[in-house]
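So, here's a batch of structures to check.
Common to both upcoming complexes is chain A, partnered first by chain B, then by chain C.
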Partner chain A sequence: MENAGKPTPVLTARAAGLVGCSRCGRVHEQGVASCARCGSTLQSRDTLALQKVWAWWLAGLIAYIPANIYPMLRMIQFGRPHESSIMGGVIDLAQHGDLWVAFVVFFASIIIPIGKFVAIAYLAWSVKKGVQTRDIGRLHMYEVVEFIGRWSMIDVFVVAILTALLQMDFIVTVSPGIAAFSFTVSVVCTMISAQSFDPRTIWDAHERDA
Partner chain B sequence: MSDQLPSEMDIQPVKRSIWRNLSPLWAVPLLSLVLALGLAWQSFSDRGVLIEILFEEASGVTAGETLIKYRDVTIGEVERVDFTDDLTNVVVYARVSKAVVPFLDDDATFWVVEPEVSARGISGLSTVLSGVYIQGAWDDQAGVAKTTFEGANEAPSVLPNYKGTRITLRATDGQIVSAGAPIFYRGLEVGRLGTPRLTSTGDAILIDAYIDAPHDKLLNSATRFWDTSGFSVSFGTGGLALNVESIATILSGGIAFDSIFENGGSISTSAVFDIYNEEAEARRSIFVGRVQNGVAVSVAFGESVSGLTPGAPVQFGGIDVGEVSEIRAQVNDDNPDQAITLLASLNLDPLRLGLPNDASAEETIEFLRVSVENGLRARLATSGIFSSSLIVELSMLEDVAPASLIVRGDDEPLIPSVLSNIPDFTATAEGMIERINSLPIEELLDQAIKTMASIEDLAADPDLRTVAPATRTLLEDTSALINSPDLQAIPTDLRATISDLRTITEELRASDVSGTLTRALTAAETTANNLSTASENVPALIEDLRTLTAKANSLDAEALITQATTFLASADAVINTDGARALPKSLTDALDEVRLAVAELRGGGAVDNLNAALNSAQAAAESIDVAAEDFRVTMADLPRLSEQLKGVLATAERVIASYGNRSDFSDETIKALRDVSDAARAVEALSRQLERDPSSLLLGR
Partner chain C sequence: MNPIHAHRDQISPDGLIACPTCDALHKEASVPVGMSAKCVRCGHVLLRPRKSAMTQILMLAATAFILMCAGIFFPFLELQAGGRITRSSVFDAVLAFSDGYMMPIAFLLGALIIVVPLVRFVALMYVFAPMSLGHHPAKFAPGAFRLAERLSPWSMAEIFIVGVGVALIKVTGLATVLIGPAFWAFCGLVVVTVLKDTFMCKLTVWKTLENRRPS
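Let's look at the complex of A and B:
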């Protein structure tokens, strides 16, 4: 509005009547249905993008609930079964004094996923509302969310590796719990959600405004 | 243009339906929701039923880890462990599978399975690593489901759906068996014992016993049970016998049973059987039984009752008719000479006295009264030659002072007693045995046999057999010669005869007699030769006979008694040696040690973890070691003692055998003597024959 720090309006491709291929980057005129180079569908703005974001986001959030309630790992050690959920594992580790490991697990399994949910929700909300501030910040946020998404799978990898390695019959046997599956679903959904987000809509607010 | 625009605006739909803009991707969160709800529903429906189990102590039970198992299959998990409000019990909250809930009725039991080291082996070893679990057991009948159960302290002896027969055994010593001890039938394990318990009066131990199907068919009213655990040492005329059962039964105890007679009747489920101490006793039990409607009488003894113990049998004519129930001293006011009498209470079985089984006490006492007037008296008797224990003997005596059954008020009727002849008998028996022992029977028989053999040899000698006819021929020849008119003048003097004969021979040589004489002389010579061969045996025979006679003469001599006394003294010395005396005691000690070890083992059954289990095993092993050491020491002594005893017994047995078969012995002796006298007669006849004329002829040679 009367903000002094407001960047000078730039000429966007959309304003110039052009559309860039989101896959190979080749610029076409608006109205061209598919990329002449790679054949992918050309779309200046994905109209359903926000709905996709929200849909995957919600699916991810729902899947995240059982991922925290149910046990992630079922370990049978000398015949004694032991099940641990994510939070239970963190508490166990902390009680055993492995604060650093507990923090890493807590960060990777609780902070990052929740942060992602919050970040994606904020981005989608801000685009919907046409918030114009901190474009760069939101763009960075989006990039971080998209980058970090794959690292959320670290838990699932750990479970998968343990399951594969620790099959020593009576001594110790590890099997994945329901939470591992739920967590995978959750992570996949949030990754798709983040990718469904069209970062170009971040600066569309200015255009509309202009 | 301007006309068209508004109309175009008019037909423009306001907005597409909200559903048209809706991305189909919304199906994804829906799917996710369905998935999550499905998971929630599944885990909710899989959630078992919460039950409560009360334990006195729940060692090792951990919430969230300890499993509930049925037939070793996990059916649930302990959710929470808590105490009852008054802290008397531990409450274990567990969720169990819905499938088993209908069966959790009154007969369901739960117990904690822990590692256990016992004499019968190690059980529950897997729980050392995996931690304890709670085992449940119930029958296959669904009943009124409960959710609160009393946990058992240990595994039940039999599971609720047990197929077999439960009976009750009665023992007087609870130490001989422990819970779970095996029951054998001809050495095959067919059942188990439950936990021994005291009767309400505390005078016996009752033990539930479980005989597995189909072996429970073997049970009937003829069945007797006996203890097979441990060692048994018996020492009798049959020698020293040591029976050692298997190590397992030594450690844990064991019971065996068998039917001791045919056609036993069927038993009821509440049947109670006694446990006998040993098989022989159980098999004897067909003749003895518990006195059912016993009548109490008492006997006053005016002599020492040392050796008479409660439980000693009361015999009438050798048949058990009751038992001694109590022995006490009583101040006797009636008889100033004998201020104190020793009173034995007897419990008599009317059935065994020949009265009807349902005879009342009055009838029995009346019967006794009549019997006493007819001479029934009680007296002490020894239960065996070698035994110093006494029994009470009821016997009808002919020449006794008249007496009657004394009935005073409510006191037990008093049966008059007579002095036992135990000391006399003992002395007599000892004297008799001494005499018998001291008889040099072996030597005598040997001698007799040798004599027989010599005589037989002599008699069988073909040379000797030919002596008589040859001699007769010779005599005939000689008498013919002597009686011949030509020889009438021959002097009776041998030398003269010979010289005459020579002359005659010379004369005869010229005459016809010469040939005859030569033949006669040749025959005489042959006879003489034969006789000399034969008579070589005669001195030996005579020597034998002399020895025999000497031996026979010395039969009643003092030397024999001395010899016998020496023998008895030595036997006595052997029996009295500390070793021999200590033998039963050492064995008893060893047995006690083993029993102690067993008791420790039994006590140390519940083991919390491997360490404790192994510690108690070690302790048990050490106890066994100590016991075994004692036993080994005892066993080391045993062969020597056994050897000594065997020697003694062998002698004793021979003596007894000869004594017992005295008729045989005397038969043999008489026969031997008859043979000897026959032989003597034959020898006499022979010598008589030899003393006749031809003897001078022979001596002349």
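Let's look at the complex of A and C:
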């Protein structure tokens, strides 16, 4: 769009007195309960969305704290126990010389979760306050958060695979630590939090601006 | 795709599309095959019709289903150390969390890696098989397609395969690692899933489901 600096006066379904389906795009008269095309429940705006977002966000944040403090996996090598937390695992990998893999794990289990908490909080706050931005950065931010959040599960999968591979009869035995539990809970909560967001409300701030 | 600009007449909802992400109204227009129509306001792709997309999606969903079945039952990694060999299948990875309080995580992992992808592929085959043959959509096709869409963020087979890669590097110092057939099945699955998602244009599918509905 050539006039990206200025919000174009585009008519929304809500402003036209209609309701658009957020799944299939079909437009309905106001007051219709479910979409005639795909059967989804119709709602012009999810008025409870922000409450759900904050509730799941908080639950995810609470679970994220023990996930970083407690050990992610417990390793017994030659009879000596060794426990490593998320950050410890990254440092181990880096010391092994696998910098690239260390970076992938660091990115997936530290950068993504923290970035996600910040991004969801900012989006929810800016929608609530009606902060007016002149670009579509916020929408892109939302799309990135929704897309990338699932990749945090990598670390849990790694623990599961290592546990399955390195069993009792090996020189090294691995078992999952309590942080694996809380980290999984945290990832699931933040995924639901991001999904609860109604992206159309991001654009309503633009509407007020126009 | 043309936007509707602000004027406050009574507008009839027929022949309009509301952008699913920003609610902007567009007049529905037929989009030529190979082109895509984007929302004028937020750039979200509204329509991207492709030639014989239904058949392609059906084939890819069926391929993914078969690869998934192979991936579950064959071992994906083998470890050799001190004359001993351990083989691990995807099931073993899921069962890694089956002790005590970790039990719920085992169920969750089983769902994310095995059950959800399988349910999605079956649902997609159910939706697209009659449609690609030119029949009416099956009776519960809208519900099945809605289910497939809802489950898509929770289908984590491709994330699992990256996890296998990381685990592989972690254990290479300890033992000889052999890659099993299931590993390649999962790699194929990732490629097929990506292709399937690029061929699929949700709004076109929904419109076709509606237009071909038996009256």
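Quick note on the criterion: the second predicted complex is superposed on the first by the 192 of 210 C-alpha atoms of A that agree within 3 Å, B and C clash if a C-alpha of one lies under 4 Å from a C-alpha of the other, contacts with A are read in each partner's own complex, and residues count from 1 in each chain.
Throughout what follows, a residue touches a chain if its C-beta (ideal position, glycine included) is under 8 Å from a C-beta of that chain, and two chains touch if they have at least 3 such contacts.
From a predicted model like this one, the values you see are computed outputs, not experimental measurements.
S.K.: Regarding the shared-chain residue A:59, is it in contact with chain B (first), chain C (second), both, or neither?
M.R.: Touch partner of A:59: chain B, not chain C.
S.K.: Quick check for you: in the superposed arrangement, does A:154 touch first (chain B), second (chain C), both or neither?
M.R.: Touch partner of A:154: chain C, not chain B.
S.K.: Residues of chain A touched by chain B versus by chain C: which partner has the larger set?
M.R.: The larger set of chain A residues in touch belongs to C.
S.K.: Where does A:14 make contact in the superposed view: on chain B (first), on chain C (second), on both, or on neither?
M.R.: second
S.K.: Identify the overlap between the chain B-contacting and the chain C-contacting residues of chain A.
M.R.: Of chain A, residues 170 contact chain B in one complex and chain C in the other.
S.K.: Across the complex, what residues on chain A touch chain B?
M.R.: 47-48, 51-52, 55-56, 58-63, 65-66, 70, 78-82, 170, 178, 182, 185, 189
S.K.: Per the contact definition, I'd like the list of chain A residues that touch chain C in the complex.
M.R.: Listed in rising order, the residues of chain A that touch chain C are 1, 8-29, 36-40, 93, 96, 98, 101, 104-105, 136, 139, 146, 150-151, 153-167, 169-172, 175-176, 180-181, 184, 188, 191, 195, 199-200, 202-203.
S.K.: Sort out for me which residues of chain C touch chain A in the complex.
M.R.: 3-8, 10-11, 13-14, 16-25, 40-43, 46, 77, 79, 81-82, 84, 86, 88, 92-97, 99, 101-102, 105, 108-109, 112-113, 142-143, 145-146, 149, 153-154, 156, 159-160, 162-167, 169-171, 173-175, 202-203, 206-207, 209-210
S.K.: Could you pull out which chain B residues touch chain A in their complex?
M.R.: 21-23, 25-29, 31-33, 35-36, 39-40, 43, 65, 67, 126, 129-131
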